[in-house]
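To start, I am sharing the structure in question, which I have written as structure tokens.
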Amino acid sequence: MFFLDPFFYEILISGLLAGVMYALVALGFVLIFKASGIFNFAQGVLALFAALTLVGFQTGQIPFAHLLSLFGLHATHWGAGFPTIVALLFSLGVMVLLAWLIVQIVLKPLVNQEGIILFMATIGLAYVLEGVGDLMWGANVKELNIGLPEGPSEIILDATDMFIDKLEISAAIVAIVLVVSLTLFSQYTKMGRALRAVADDHQAALSVGISLETIWWIVWSVSGLVALVAGVMWGAKSGVQFSLSLIALKALPVLMLGGFTSIPGAIVGGLIIGVGEKLFEFYIGPLIGGATENWFAYMLALLFLLFRPQGLFGEKIIERV
Amino acid sequence: MKKFTLAAVAAALVGSMVPASADHTIPLLSYRTGPYAPNGIPYADGVTDYINMINARDGGVGGVPINLLECETGYNTERGVECYESTKGQGALVYFPLSTGITYQLIPKATADDIPIHSMGYGRTSAADGNTFSHVFNFPGTYWDAASIIIKHMMDMEGGSLEGKKVALVYHNSAYGKEPIRTLEELSKKHGYELLLLPVDHPGQEQKSTWLQVRKEKPDFVTMWGWGVMNQVAISEAASIRFPMDRFIGVWWSASENDVLPAGAKSDGYKAIAMNRPGTDFGAYRDIQKHVIDAGNAAGAGDQVGTILYSRGMLNAAYMVEAIRTAQKIHGAGDITPGMMRDGLENLKIDQARWTEMGFDNFTSTIDVTCENHGGPGLGAIQQWDASSKTWSLITDFVGADRDVVDALIEADASAYAAENNISGHCK
Amino acid sequence: MEEKKKNNTIMEVKDITLRFGGVTAIEGVSFDILEGEVRAIIGPNGAGKSSMLNVINGFYHPQEGEVWFNGQKRGAMKPYQIAYQGIARTFQNIALFKGMSTLDNIMTGRFTHMKSGMISQVFWKGKAEKEEYENREAVEKVIDFLEIQTIRKTEVGKLPYGLQKRVELGRALAAEPKLLLLDEPMAGMNVEEKEDMSRFILDVNEEFGTTVALIEHDMGVVMDIADRVVVMDYGKNIGDGTPKEIVSNQKVIDAYLGVSHD
Amino acid sequence: MFYREAGDFKTSYQSDQATFTLRLDKILFWGLMAIATFVVPFFVTEYWEKSVFLPFFIYSIAALGLNILTGYCGQVSLGTGGFMAVGAYASFKLMTGIPNLDMFLVIMLAGLVTALVGVLFGLPSLRIKGFYLAVATLASQFFLVWLFNKWEWSYNYSPTGQINAPTRDFLGIDVTGPTTAPWATYLFCLGLLFIFAWITRNLVRGHIGRSWMAIRDMDIAAEIIGVNPLVAKLSAFAVSSFFIGVAGALYFSVWLGAAEPTEAFAIDKSFDVLFMIIIGGLGSILGSMIGAAFIILLPIFFKNVLVGYCGIPTDIAEFTQIVFIGALIIFFLIKEPHGIVAYWRTLKEKLRLWPFPY
């Protein structure tokens, strides 16, 4: 039986690690949906934009260099870039600023609109961000290296003969830190409580004495941070390029499974999807022609929802009239 | 809104109604945006710079300047159609669609419009059968040539035989990626290796299970028909499971610097099949430097000069220029029509001497297109990546494919197409 | 007025018990509704009145007890099947189709009367068209009856509360039900609106002879329009009879004065 | 001044429920149709046909289909691309399997096949709601594309999985293949769009349409009124998928002539069509078409302006255009959350009251 198969455990582990990567992306969705009921289509592009910005600062690219070249300025880089840590801080700053702009320009005028409208607005946002990101930093692939360990971890390799990429281990650690700190934040700070309040009821939040705008600003900034982390983790694997924005698709089945409003849901959902699709692809895939991961993730989530429409951590829905 | 639509349509119309100029009009259906932009940009830059160089240096071909019409497809078929229709009206001589999807879409259309297509090492492989595909050219080589040449290289590494060996194909799960399967299957029958198929879905950022599959099956070789981000991820995954990189051989679309650089030092030794010699030490490059870049007219951001795909773009443009010249010779006309261009392509002959004159000394294989064979010689060489110096270098000469296997396949597919669309060969 | 009292039972519920997980919403409640009467169900909030209506029109399925309609014991049925049996209702907090006009809302009320198939709908020929206009006439009658001609084409979401209540009544009436369930039809209305609504209910009952069962808090109204009253408290039936009998029922008085239950 | 009911009183419910309640509307509409049918075909060039009209017509049909499901029945779906693929491959098999079958029948049968598949994938909607359903429909999107990429029978065992449309005719006039006359395909698609718009209109003014809207607005109340949610939702899925299947078939056979599932019917198709109906107007026939025009024609418009006139490099033009369109989407949503079509309505209102607003 495949439990004796040495690969079973390896695929299990790499499934879990992949799941963490998915969860990282899903987290951004959850934060925003929880606080403002918005299904943020732009989350993937946000990650791309964040990663592009980071690389831009790191390598000292000149923003809009390509655009400027229309006016005869052919330089593409400043003399030097910033050290990684500074670049990270700057990128975070950019994300916070971006969050503020989004709230002011897009969300404020759309307060109290139906979900589908806000969803559509974030699609417009995605378009804008994608275009601006490419105009600012160019559409070619960029290496992203912030000095995280890479390559197979020798220790594990020698001990168990399993290839586990250090990068993914560090991604897992980062994700865990992120989730823990988010949970603490929302549990033990006034702001965090306000966030949870706004999730339940906008009026309640106002009574806590924090304006809705501020709360949204913070939420979008935080999910901007999450996007940055996700962007870095995925970008380090594959280089930073347009495709990075497509990782959002990997997060959707996770959201179905974990529920749009539950942070632990996002994590557990991510792990289930990661392991599930890997096992299926590895054992069943070859029999039916492979490349099953994309749809299997959704089928898994779908089957699950058929039995638990409220998702993993949602409470049972009692319909009343 | 209705008014607005009309405005849009009106503008669209004007956009398409620019009168055909006296120049040689060549549309460039490039993709500088979208998921595959990293591959599209250098290619488009290469084409553009070379054409600009020809115009600047020789004032065009036979005194007639070339007018390059760039049109953004984003590697998307619908946009490709729009580009085709909008440039067709302007006297386009030839199309190189730069996308398998768009090529398939254009083959019947362009043939009906009597405009030749040159799909250089992509598109429909069986179009090498010129007798059936009168207007489609895919020299210098097809995917099936590439597959066979790669297998040849593996055999050389194994001392002549792949008997009992295992070869894995990691491919982009699309029409493009599926191209080599038939050939590899045929060859496996002939050479007795076991073929392992590992599809990867677009975009391909997640390939864990694919490479675990590789570890489980322990193939002796892996070859890859990858595209876009899939290449980078595959190469770094292969490296991180410590697959011997010199036994990992990609097709020419998995052969650019973009693909290996993100994997860093781990990618050292990765191989791929090449259409031309890497590097910039050629007359043509010097001319481009002199007439285009130094003049400040570099295409795009000007940061792609010398990359593999840039050189391939140059090569593509060089073919076009030479084809125009040939057409002019045949028809004795300076100003040529798409029909004449087709003849030019069909009679294109470039030997090394001619290449050297053109400033491509010892750069690529000789070209010999005939009415029956639009696939040219079908030669390719193997290039290898040196991560320390971040350079590619050829490690073999340009060798030919296993013709009797490949030609049989081409014959089969082409005749099927001919039957479907009742085409009787146009060659006597 | 007098002779309708003699009529036979149209609806009877026997020992209904309904639980949500641990909570017991209704406990062994029984009562009947006579054909052609106006039957009121009263009781404090949370007494299980709305739940009882939900049981009657099949939205909730009680764990114990029987529902008899038209002299037949009713098996487990889906709400839409029960609608076809001729039970219509309105809701405590308005459940109109907000995106649709008054007319369309009430037309939707005719759903059970419209049978034309997909094909004839697609080509809008024959049955589909004919049926549409026949039902439109019926609906126009309801509209005239409720005096809402002017808001025929208005999106109901835009209507004031009182009118919405009225449209909802219209939607229920359009179904020409045998039994009409009204869940607090006058909640949140001012005196005039209440008077209008009471008048409509009585007219419905008298002109169309429709049996009405309604939940209402305003005892005054109940006294005026109800023929018989059921009183519920904490999911139990604590009194049943004519309005006069009810007001003199000690249990009921306790329940309303909120005497502690022990 | 002239645009008002004055003079045309409604004497019957027929006229009151007619498609165009105002005589002037009627005249305008039929006038436009007349021009589109009898004038345009004489001037339509291949560029207009292939780059403007066909995409506009075909996406309009798809948008109508999705609007029935999402706009009228309230079931958000992201499976459009997959269903278009079903239509495309069904038509391909029919065209190659039964060579002398009339193209109109091919298209309709393709729609029928898609309707069946649609019902199948619509089943989850009975338990799953809202965004969860939207994401759930992605399962069908990805699965169908994967299937047509793998299942060799579906593409007649061609080595790559590319499918090509052979030349077929509608009543003896070629409407597919490389040698079609622009006017032929133009009229063919225009006719189909007209038919399907008319069908949509008929469905949504009858009780089936009302049952959809009832489910959309308040499913519980709808059920208590007598609407069987199973029937309502699945019928919506069936009709919607039929439309989308037809669109997919036209997309492959008449417009592009070649297709490959992973590229032509990828996830972004599903999103594009959803954008169309939201931008254009949920639950509106005109809105579906306006939306299609917005998403399909606007990029071409920008491209021709930025590249054609301003001579900006294609990539910069592309990015700028993306930004423009995104900004426009946001702008429209802020100004008019109910879609561009709502502008049209208010405009008509104003016109009707002009010059006496009160």
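Every chain is named by a letter (A, B, C and D) in the order it is written, and numbering of its residues begins at 1.
Following the convention adopted for this analysis, a contact is a pair of C-beta atoms (placed from the backbone, for glycine too) under 8 Å apart; a residue touches a chain by one contact, two chains touch by 3 or more.
Predicted model, so just to flag it, every value in this text is computed and none were measured.
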item	value
Most distant chain from chain A by Cα centroid	C
More contacts between chains, B-D or A-B	B-D
Whole-Å gap separating chain B and chain D, where each centre is the average of the chain's CA atoms	36
Distance from chain D to chain C - Cα centre to Cα centre, in angstrom	41
Centroid distance [mean C-alpha coordinates] between chain D and chain A, Å	32
Set of chain C residues in contact with two or more other chains	59, 91, 95
Two or more partner chains touched - positions in chain D	146, 149, 220-221, 224, 313, 315, 319
Sequence positions of chain A contacting 2 or more other chains	66, 134, 139, 289, 291, 294, 321
Chain A residues within the chain D interface of the complex	39, 66-67, 70, 105-106, 109-110, 113-117, 119-121, 123-132, 134-135, 139, 249, 252-253, 255-256, 260, 288-289, 291-292, 294-295, 298-299, 301-302, 305-306, 309, 311, 319, 321
Residues of chain A touching chain B in the complex	7, 10-11, 14-15, 18, 65-66, 69, 72, 74, 76, 134, 138-141, 143-145, 150-152, 163, 165, 234, 237-239, 241-244, 246-247, 250, 277-278, 281-282, 285-286, 289-291, 293-294
Parts of chain D lying in touch with chain B, wherever the complex brings them together	45-48, 50-52, 55, 96, 146, 149, 158-162, 164, 166-167, 177-179, 255-260, 262-264, 266, 290, 293-294, 297-298, 300-301, 303-305, 307-308, 313-315, 317-319, 340-341, 343-344
Residue numbers on chain D that touch chain A, as the complex places them	76, 124, 127-132, 135-136, 138-139, 142-143, 145-146, 149-150, 220-221, 224, 267, 271, 275, 278-279, 282, 312-313, 315-316, 319-323, 325-330, 333-334, 337
Chain C partner contacts - residues on chain D that touch it in the complex	12-14, 17, 199, 202-203, 205-208, 210-211, 213-214, 216-218, 220-229, 235, 283
